[in-house]
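Note that the chains take the letters A, B, C, D and E in the order they are written out, and that residue 1 is the start of every chain.
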Amino acid sequence: MDAITPQLFALQLFTGLALGAVYVLLAVGLSLIFGMLTIVNFAHGAFFMLGAYAGYSVYQYSGSFWIGLVATPLATAALGMAVERFLVRRLYGRGIDYPLLLTFGLAYVLVELVRIVFGKQGLPMETPEVLQGAVDIGIGYFPAYRLFVIAVTAAVLAVLWFFIEKTSFGLIIRAGARDPQIVQILGVDVSKVWLAVFGAGTAIAGLAGMLSAPLQGISPEMGGTVLTVAFVVTVVGGMGSLPGAIAAGILVGVAESLAALFYPEAAKVSMFVIMALVLLIRPQGLFGRSGLLS
Amino acid sequence: MLSIQNLNAWYGSSHILQGINLEVRRGEVVSLLGRNGAGKTTTIKTVMGLLRKANGSVRFKDRDLLGLPAHKRFGLGLAYVPEERRIVPGLSVLENIRLGIVASDKRAREKEVVEQIAETFPRLKERLHQTAVTMSGGEQQMLAIARALASDPDMILLDEPSEGIMPLLVQEMFELFSRLRKAGKTILLVEQNVEAALRISDRAYILDQGEVVHADSASALLRDPVIQERYCAV
Amino acid sequence: QTAQPIRIGLPVPLTGPYGAEAKDQVRNAELAVKEFNDAGGLNGRKAELLVRDDRLNPGEAATRALELIEKDKVNFIVGGLSAATQLAINNVTKQRKTIYISISQSDAINEPADFSRYTFHEALNPHMTTQAVGKYAFKKGMRIAFLTADYAYGHEMTRGFTRVAKEVGAEIVGELKHPLGATDYSTFLPRLQSLKPDVIVFNNFGRDNQISIKQANDFGMKKSMKFVTPVLTYTSRVAAGPAVYEGVIGGTSYYWEIESQVPSAKRFNEQYKSTHDGSYPSDYGSMAYSAVKSLLLAVKNAGTTDTEKVIDTLTGLKYDTYKGPQFYRACDHQSVQSVLIIESKSKESRNPFDVFKVPYVVPGSDGLLRSCSELGYAS
Amino acid sequence: MSGEIIIRTEAVTRRFGGFTALKNVSVGFEKGKLTSIIGPNGAGKSTFFNILSGAFPPSEGRVVFGDADITGLKPHVYPRIGISKSFQITNIFPAFTVLENVRIALQAHCSRFNFWSPRSRLGLEDKAHSLLQMVGLERHAARLAKELAHGQQRALEIAVALAGDPKLLLMDEPTAGMSPEETSAMMDLIVRLVADRTVILVEHKMKMVMGISDRLVVLHHGEFLAAGTPDEIRNNDEVKRVYLGQH
Amino acid sequence: MNTQVQLLATPSRPAPVQWIRAHRAVSVVLLLLVFPWIVPNQSVAINILVYGLYAVGFNLLFGYMGMLSFGHAAFLGMGAYTAGILVSQGWAPWWIAIPAAVVAAALAAAIIGALAIRTRGIYFAMVTLALSQCVYFLVYQFPLSGGENGLRGVNVAQVTLFGANVDLLNPANRYYFFLGFAALVLLLLSRLLDSPFGAVVEAIRENEARTRACGYNVEQTKLAVFVLSGAICGLAGALNAIHLSSVAIETLHYEMSGLVVMICLLGGMGTFFGPFIGAALFLLVQDTFSLWTEHWQIYVGAVFIIFVLFFPKGVWGTILEKCHVR
């Protein structure tokens, strides 16, 4: 094959960054729920998939991608909150494993429900007209839609960061994650906090699904791979750490992209290799606090 | 202000509190004494709503507490310094203090409140941005008290606040309680430092095996040789 | 003594991404059984179908096959919708001397290592598909690039296309292998683009095929190159939408439109439509029809369900069940049949099933296959 | 100082990030004596204690036990060489019975990797019972540890620490949260313990510390401030000023 | 769960349950002996046996030491592929291939374990999950594994045992052949859990820091249990390869890891019967529902949720609880 030109290399690097942004978006909902509730939401992939279907439905019905973009996170948040309220909540205080197992079972149910409602085949989702086509980014052409996804990711992260680090509600969330009893005694209805966090996490999962739909189409199985990616990014970044998720997502994306250039067969393993290395050097992840889980 | 009548409470199936009767009047400091395992902590936890399996009557400002979820009790003006301090990990000292007021009407006047606290506890002032759990045991205890005071409650329940505090500060702490009392706060104090506790209390209850076995004015108890021998020996 | 029904086990992936195809296979197999029974069965002995879900998992497929043989005591097995499940079932039936008609594409099953006297292959295989599609799509001097799913199916397709390219004098400019089940192809596309091919061949299947073609489209690649894929399926086309597949060329074993040229196809479509609300049989679905139909034809001709006798009959069988004449080649039991070249239309027109054109039908012949001696069979 | 030194630190410093919790502390502890470490809150007592007990290594300096340099040994090695500790925050096996808590601790010293014989054959129950008797928990042997009141859990904690029959026992505020009655029982216990081993204590209860300690070490702002007999310390102006107050 | 408790507090409980508790391994083996005759057919019985054994391995780690691994498919797969490759290539007879599979799985567990036990709790679950995905890709790329097509030709049609030829194509023979291995594992395991080492395992589950402070090398113990757990799963994998005469790459998929968690949860974690009861329940439920509806996964998921919510101790654990056995 041809030699690798500097221009190709630059484009490849940028592709990796863009892919990383998508990965961050996939991981951040998982990371949020984990960091705040110490719950690993195994149904994260399922919510991602539901987001894609919800987005598709709204898009079909209203004819507007943008309405879908707003409605989708709301819809998945509502479902997520219902799940928290009626299922997960019963498990608080029963050890970290049970919510994980519950959501694992829930994922089965959700995927199958979608198969019943929408069928087993995939569905097409069109890229919104204004974002179709590729734009010149100086080093080559790049799909406009992917640039848009990066922008949305950045916006979501900014909002989330501000919310968690700078507001009182964020303070409550962070405290509630560690010692809910105390927070309760200080006058806060913790159950509402949990509800909100779970809803926020699933909202982001749904948004990610909706945003991914024009990239990869929709199918009931689309959540499966997402879960793995989200896990790797969360572990590499350090659980519950926003900056960690960002750094890890981009690291994984770039590594995968460069692997695809030099040794394509290894593209998919690359993220696991990174993870193994990180674990060896910093078991708590790049930005993780050690002892958080002990 | 706080009136407990015939309170029974359970951990699982073990019956811990067996008919407690206790009263704290507005502006009083009342001590709750007794040996380990007597049920002091359990009593306080029941009042705060941390133990849901309870019956009897617990009234605060004439409201029935047992029916209220824990977070609503805070709104009535109750504050609590728990036994093992329960400083929230991962948060800084400042954030722990802020946590004390997020749900109260003081939230808007955060700066003021923090300043006031810092005045009372100079040690905390130096450390406002340290991760709270890395502070020493005594520093954490101060923080726990500071957090409870932040919301300017009407009544404070303190569970062994002097535990792990150095002698110099223990004196100061009890002085602080006296000052609080003068400022009109009501205090229910669980202490093993019996003598010091009685000195600042109006009245005291002695608990044993989940029952009140003795109740009297603090001064009488201080004079009581049996009590002296039994509880103030160290 | 009332005769036992003829029992045919049908393990297909009812759950999983190919559930739609699997379901249509069941419908088609049922149709074939119904026709057999309506025609009186085997001297009054009826056939029955035992459908099992193999979840597209070879381990599960092997388990189901074992159960069908050991517990349900089936006479024959038909099914398998991926190379892997097909090979797993084949391995079980081979050991237990049970006739198996496979309906999924792989080259491995034609090769001596996996060859079983008891197994017949109704489906196309990658080699014949690529020969047909390649000869149609490649021209002398063209630059050709591959995006290949990194597994046997993909590799077999690449191998076949490379052979055609050599024959017609086209140049292979590069191949990128992607992991199976990838959901993002962006990292492969800049490189492929930089190769500046005239034709890009997507040697992958199902979701991989849909997503990679879609993303290549997003990168604006269709403007400068022709998209080709060995097996173009109806479900992929529907799942990804008309815009994505517009102008993509591929092969298939069956598309209903050949009814204008083939009488058996016309008959088959009518039958299917009358039992299924006017819908048309699908590409993978119809193979199940033909498999069961030809099997039962052999049973009828042999006059028995005895394994050895049915094998003998199947081996020499010439049949035309739904797409024109077919026969099982003696050395590897591959069904020799036509390959349809199809091209995706830009929009649906007459009915939702009208999505492809059939510009060309490559007639079935030994020449499409690797020869028996090339495969290593003593001729 | 007269007696044989069992453990000593040499110029130990410990930093947490930019903060130096312990500065250049060199202290020796006499064998067979009870030494208490006192000092204001945040003086670095627990930090010092953790370095002695191997919870974490010093940033600089060495720890010498007997003749051996034990700086930076893995935590699980400490009990094996004869150093046990009780934690400042109660740390037991909550879902085990009180007896099993002690039994498992005893077992560490007779069989670490015995995969085969039934555990009951080790015959540790009697020893466990006598340990429980010693700390006054005999009655509660069959209860689950998590059901004990705080003070009782502290006593159990000490029994568990004692199970290894350590040469050196380190205790961080063993009587925190105990009633005066129980505190004096604990004091008696500690005094009895010193008969066969060395004990190092971190405590704030001055009456108790003064009453039972052979020697006191005072830390202040992470630095060594003073050491001596209880009387010497009681009359040390500097200690009075920063710690004791009018005591 | 721990014998000490029972010696001290002896609440009343039915005699049979007590006997079963005391001879847990023997009773499981006895149950398994008659098992093929109480389930619908023997091919299902073999599946249950193999999956049960897989769950036994997992249960050792999760039920007894409290570490939730989501990567145990790696060990099942390592066992299956090792035995499978040795047999299908004709490199070794079954009596070498099976032990070799166990060793290979143990080695894989040693490597993954050494990395994973540096983490705790949910972290551990995620790390094992991701590392097992690594194994998936490595095996996938390994030329002899057959990749996506799977490994075929793991044919052990006949074995010679004590001079007699046993036809393994016969399902009953295959079942009892496999049961021999399972019984061996169960008896060894029961012995191990009763030993002082078993006490340490429980102690780690209860309080790691305390166990360390007692003088136990927690990391070593964890690793030992992890390796042992992996080895048992490897054995299950090898048996499964022989049973199906092929190995699918899906054996290494994370859903297989999830499956074993589900089996343990259904049956009862930290018990001896649990894994087999769970496997039977899961496979029978799945078989029944999949014949009845193509949407059977919804029911499987729902059953799982119900167990997590209402019967977290699983079938056997709930029975024990009802009979006042701690």
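Just so it is clear, a residue touches a chain if its C-beta (ideal position, glycine included) is under 8 Å from a C-beta of that chain, and two chains touch if they have at least 3 such contacts.
None of these values were measured; they are calculated from a predicted model.
**Q** Count of steps on the shortest touching-chain route from chain B to chain C?
**A** Graph distance in the chain contact network comes out at 2.
**Q** For chain D, which other chain has the most distant CA centre?
**A** Measuring from the centre of chain D, the most distant chain centre belongs to C.
**Q** Report the inter-centroid distance (CA atoms only) between chain B and chain E in whole Å.
**A** Measuring from centre to centre gives 51 Å for this pair.
**Q** Take the average of all CA coordinates in chain A, do the same for chain B, and state the distance between these two points in whole angstrom.
**A** Taking the mean C-alpha position of each chain, the two centres sit 43 Å apart.
**Q** Could you state the distance in Å from the CA-based centre of chain A to that of chain D?
**A** Centre separation, chain A to chain D: 47 Å.
**Q** I need the residues of chain A touching at least two other chains; which ones are they?
**A** Only 115, 265, 268 qualify.
**Q** So which chains end up touching which?
**A** A-B, A-C, A-E, B-D, C-E, D-E
**Q** Would you pull the chain A residues touching chain B in the complex into a rising list?
**A** 168, 171-172, 174-175, 177-179, 181-190, 289, 292
**Q** Which residues, counting only chain A, touch chain C once they are in their complex?
**A** Its residues touching chain C are 1-2, 5, 8, 11-12, 15-16, 18-19, 22, 115, 119-124, 126-127, 133-134, 140-143, 145-146, 212, 215-217, 219, 221-222, 225-226, 256-257, 259-261, 264-265, 267-268.
**Q** Quick one: in the complex, what on chain E touches chain D?
**A** So the residues of chain E touching chain D come out as 2-5, 7-9, 191-192, 194-200, 202-203, 206-207, 209-218.
**Q** Residue numbers of chain E touching chain A in their complex, please.
**A** 68, 115-116, 118-123, 125-127, 129-131, 133-134, 137-138, 141, 208-209, 254, 258, 261-262, 265, 295, 297-298, 300-305, 308-309, 312
**Q** Which residues of chain C touch chain A in the complex?
**A** The contact residues of chain C facing chain A are 15-20, 23, 150, 173-174, 176-179, 181-184, 186-191, 193-195, 207, 210-211, 214-215, 218-220, 235, 238-241, 243-244.
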